[in-house]
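Just below sit the structures, each encoded as structure tokens.
There are two complexes below, and they share chain A, which is joined by chain B in the first and by chain C in the second.
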Partner chain A sequence: MEKKGITRRDFMKASVLTAGAAALGPGVLKPTGVWAATPKIKGPIKVGYQAIMSGALAGYGEFHKMGAVMAMEEINAAGGIAGAKLEIEFRDSTLKAPEAIKNARYFVDSWGADFLAGVDSSGQALALAPVMKELDRILMVTHAATEKLTEEQVYKKGIKQVFRICTPTYQDGNAAAFVAKDLPAKTWATISPKYEYGYTCWEMFKNTLGKLKPDAKFVAESWAPFGTTDFRPHINTIMDANPEGFYSTEWAGELITFVKQAKQAGMFDKIKHVLFPVGAAMDVLEGLGNEMPDNIWMSGRYFFQYPDTHINNDWVARFHKRWNHYPAYVSETGYSTMYAFKKAVEAAGSKETSKVIDALAGMMLVSPAGYRNFRKEDHQAMYDVPWGLTKSDPKYPFKVMGKQVVIPAKECFNRPPFEGPETMPPF
Partner chain B sequence: MKRFWTYVFIALILAGLVSIGLFAGRFVVYLSMRVLILSIFALGYNLLLGRTGLLSFGHAAFYAGGAYGLGLISIHVTTNPLLGIIVGVGLACIMALVIGFFCVRHTEIYFAMLTLAFGMMVFSLIWNLREVTGGDDGLVGIVRAPISLGFASIPITKTSHYYFFVLFCFILTVALIYLIRRSPFGLVLSGIRENDRRIEFAGLSVRNYRLAAFVISGTFAGLAGALGALLESNANPFSAHWSHSAEPILVSLIGGIQTFTGPVVGSVVFILLREIIERFTQNWMLWFGLILLIIIMGLRGGVVGGVAQLFRRKRSHVAKSGGNR
Partner chain C sequence: MLESIVHVCLAGLSTGMFIWLVASGLTLIFGVLGVLNFAHGSFYMLGAYFCYTLLGLMGDNFWLGLLLGPLCVCVVGFVVERYFLRYVYPLALPYQLLLTFAFVLLFDDLVKVVWGAGSIGSPTLPGLSGSIPILGRNFPVYSLFIIGVGPLVAIGMWALLEKTWWGRIIRAASSDREMASAIGVRVPALFTAVFIFGTWLGAMGGGLAVPYVGLLTPGMGESIIIDAFVVAVIGGLGSLKGAFLGALIIGLLSSFGTRFIPTFDMFLTFILMAAVLLWRPQGLFGEAA
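Then we have the complex of A and B:
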């Protein structure tokens, strides 16, 4: 019989050889910087943008893209960034951490990106932070909200390459507590997503409201797993507890489903004070249309009616003309990210990461959402986003904000060093 | 003569793999590592699917076991990756033993469904044990500290250095799986796939052999998971999701489940194809799915099987035409 293939001995020889080569390799022949992209001041400025573009949340990716593309068109029409053309490439982040890392590495090492932006999920943002340090490129987070990113990765671990242009969970938890404090409700309950984002926000809301209004009680919580389509058991749990106030960080399609089912169950007739920290998102408002009840408190990372400035109103009009949509908050953060890069690169006179970091930290940016100040310590953009009561307006095919309350970011954002007294509101 | 060419072929591939680590750009090195890790995952998995004929939908659980085992050790005990990998692989092995114990009593669809159920149980455990696993944020901040062996310490912080460590593990896996497949044990597994009754009548415990195959494949999944966690410096709950269990299945099908090299070739095709498609369109899922469908349905026996068949046909054709003359 002819012996096919290779014997065990052959295999051993081969593996010893490779193991030897592997051990010697890095020591003898070190890869030099020839393959590493060397940033020049000349040439286009490339931004790698990743957002969720597949699956049930693909609409978010489209809104990201609208904002970023519009900024690119405007910037290039006006002569680019310090004379250089701005280029953006988009990739689907799929909400999974390994994909986000692969995208970032592709952008920087293969495509030659100077800056990165985007990222929807908190898990992805946290996983990317150490990678950004290794790649030494700036990542501007435009949607992921976890406070751990800026508090732990940037402030405590010193990963200076990460910035965030959108409001973090402080807006959803702390600011909501400031709104709730002035409402006559004393007992509160929640139906929120059964993952870190939902838990963190409810925890913040409870802590801050507990301090602002010591007699507030938290009577029920029901956690809905990702992908919940039937909220009725959760709604029943809450209605049984009979709270006066209701808080929910459900978002996107799940919030739409929830509102429809809660309305059927008569929940909004029974509970008068309702807070939706991410209800003022265009996908939710457009998706619900007139089904969104009136007099619901809602907020987001930006709302197109605020601030009532020339810059913002003008931008909203341009955006509507270009895309036939009102800008979602991710459109605004995507748009402003490009202008933040522009301003920082022009101030630094270079697109070198360390110089742009210095320019960005502490920088003041004029944007549709108002003045943004990138806090030096944790690279979090400080700007105000309103909380507002829903109302109908014949000008829009969806509910907009009537009465608005603004909790200044300075009052409701946690402060460095994020531990010990005087770091969490109220101050 | 044939053995000589096999030898040359393997030497060429090894030289290619080593030179990727030495000369290629950072992204190529990174992508190659993902291919190698997926190959380890799939090679182990195919011992169960191709060799023993059991379709498991729960192997991502063992992958996650490896990742979380390493992550927890690295964050709470020591950053020495060697210990982390040992614990991760050990955890995956124990999980496979326990889950396998319940699953191998059944075959076919019942086995598949049971593994799916157990896999998703692990997924929801990871998702809900927030204090231990970090919930959906996963374990972040796993550092690639140098591998200290007592007398020497090998740095793996840099991507290109870590590549050689992954390559070493890959070669180890290939060698081990190769030996297992050729051993009497491996032949019994084939026997089970072809006719389990006969194996039983031969006086062997089919259940124990199935369990052994299950545990071995789970252990390699754990190794892949530990290496993956070190590569991405985090462990995330989706690595335990059933959709991740589908990856080694797809990869084995692409490459050819009846072949030894199938899972490796499948991994290369799977990762490279997606990377190429993503450069052309954001609608990558559609095209990716279509091309995979064509490969799986068009090439019976996968890429490796198909190519081998092509060669064989050519050769027999030449032989035939030669005979006619």
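Then we have the complex of A and C:
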């Protein structure tokens, strides 16, 4: 049988040790055990960060790293977290759930991580949540977007160790519907990823747009498996349905490939109203350059042109100077994660998981993306990300946002208790 | 409806011919050397990256890039065969698989070091990005070009193997290595040459992918190599005729599947592969063991 708590023998050992240490004087034996006064935070503070660093999406890992490393350099140069040095170790998540769990266990059990961060895939995030409870370490999710993570795992199952600093699928499904309702398109179609993320977003988009604009019709859907390089058969399906509006949560390289192939097939000449919820990603914009058509609605989890504040503009300039890139959204979430840990640890005066959870829940963070508020109930960061129309700008070698529309997070994010139609927008 | 079916057919043909371009080299190498070369996908990837770089250096002359890029990869293929693969021919199949798979990992990381981990969108090339209306809907000219190149490569390979002196030697060496060397064929040199030719075919597929896929990513060879393997298995490992037909079937099946039975489109190719393996384990044109 495993004994919990302090046994009599431990008690004796501790008393003898403490007494002995006191007798020998300071410097000979450091006091340990229950009576020892431990310093408030024993450094360094270690963050285990996992992101995709191999295969077709390896660029995302690089962008995560740039943000997190930059925050670490700044924090350590300014005296660390409550005086303790911040250390980050990166591991390749490979997008597979078993690998994500292996990484988390390595970070905590072997490397001694105090906090975990990263994770790109929704499947991985859902698989990690129960593991985080078991390991009792905080995981700050910086990219995975499934709303089930915060609604079900955090809110309903009470896994308090999980937080999310990036916008979830609400931004991709609900907010997109708010943009779509003002467009003169009634029939909509999609080509989206053939997995959880793609299905969830389209379902959310349909539900919310259906409520906002009851005469909207959804005429075709074509689901592209992960790793699709040939979208031409899917484009045929959409062209056959001849919709007025088009919505796609394709992302990263697959979105680049899709846009090029759709352009060749003349799809953007026929369909005038196009929404790309994760089109405002730097890899997509840089990859497409001038080939991204104008007047496409796009969004992301952060876009470097928004908000137009001193904090953000200054950060973008520093980032560009440091890495010769404009920050991708995962760079911002990776960067802000380190500052969220810093603020919470300093407020808690400890790096103990339960105390930092209390500090993080409900905490307001000033970040490049603007004010972020970690919602108490589901640990989801509330902050606004714009939707914008693509346009050329001679200042940038890629398309940027022209006209911008901001759907406030409190208007388009589902609300606790996440049950029944009144917890979903419009409110 | 007619317009739709014609376009689904065309999309399927271009998909199939594109897979064939990659599967041809894989099949040739297996047929002659008996090596299942996982690294074939890496040659495809290297072909794409070399072409892309040459494009940048030579002012967007795609055809010159397509000529020189695969030749650079042939040097890589030579080194792989001459200094590594040659030593595992006598060993059991798993050693060959392990070695070629090791090269996959190696080349993926090499590409990340040289060209960066991010994906690269290839530039639009003048003359290749247009499309022509077919039954009122635009079809990319470049896809038509791929549909044309596929059969040309097939005819070229058939002529080379069946109608030339060199082809006869290759066929002799692949059917009986010992006898061929006994009558004076320098089998190791011949194997190197065939491997380089197979490498060239894979790299050529990669070069052609630059405008076709429109995107270069580290690991881009891994998804195409799966399709190429499926095609090779359906057609019969080592049979070029089988690979060509298999590629056509897979291309059309996936195109029609995506359009008309989208729920099962991912399964269709694998169901077909399973059915072929049950009914004819050696593949459509494979020789019974």
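Just so we're on the same page, the second predicted complex is superposed on the first by the 386 of 427 C-alpha atoms of A that agree within 3 Å, B and C clash if a C-alpha of one lies under 4 Å from a C-alpha of the other, contacts with A are read in each partner's own complex, and residues count from 1 in each chain.
Heads up, the rule we're going with is that a residue touches a chain if its C-beta (ideal position, glycine included) is under 8 Å from a C-beta of that chain, and two chains touch if they have at least 3 such contacts.
The shown structure was predicted, so the numbers you read here are calculated from the model rather than taken from an experiment.
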item	value
Which of chain B and chain C A:Gly287 touches, first, second, both or neither	second
Partner chain(s) touched by A:Lys391 [first = chain B, second = chain C, both, neither]	neither
Partner chain in contact with A:Lys213 - chain B first, chain C second, else both or neither	neither
Contacts of A:Met53 with chain B and chain C, given as first, second, both or neither	both
Which of chain B and chain C A:Asn236 touches, first, second, both or neither	second
Chain B versus chain C as contact partner of A:Lys157, first or second or both or neither	first
Touching partner for A:Lys186 - first (chain B), second (chain C), both, neither	neither
Chain B/chain C common contact set on chain A	53-54, 194
Of all residues in chain A, those that touch chain B in their complex	2-6, 8, 10-12, 14-15, 17-19, 21-23, 25-26, 29, 31, 35-36, 53-54, 90-92, 96-98, 101-102, 105-106, 108-110, 122-123, 126-127, 129-131, 134, 146, 148, 153, 157, 194-197, 199, 226
Partner chain A, residues of chain C touching it in the complex	4, 7-8, 11-12, 14-15, 18, 108, 112, 116-121, 123-124, 129-131, 137-140, 142-143, 213-215, 217-220, 222-224, 254-255, 258-259, 262, 265-266
Residues of chain A defined as touching chain C within the complex	53-59, 61-63, 194, 222-223, 225, 227, 229-230, 232-234, 236-237, 239-240, 252-253, 256-257, 260-261, 264-266, 283, 286-289, 291
Residue numbers on chain B that touch chain A, as the complex places them	2-3, 6-7, 10-11, 14, 17-18, 21-28, 30-31, 34, 127-128, 130, 134-138, 140-141, 143, 154-155, 158-161, 164-165, 167-168, 171-172, 175, 178-179, 228, 232-234, 236, 238-239, 275, 278, 282, 284-285
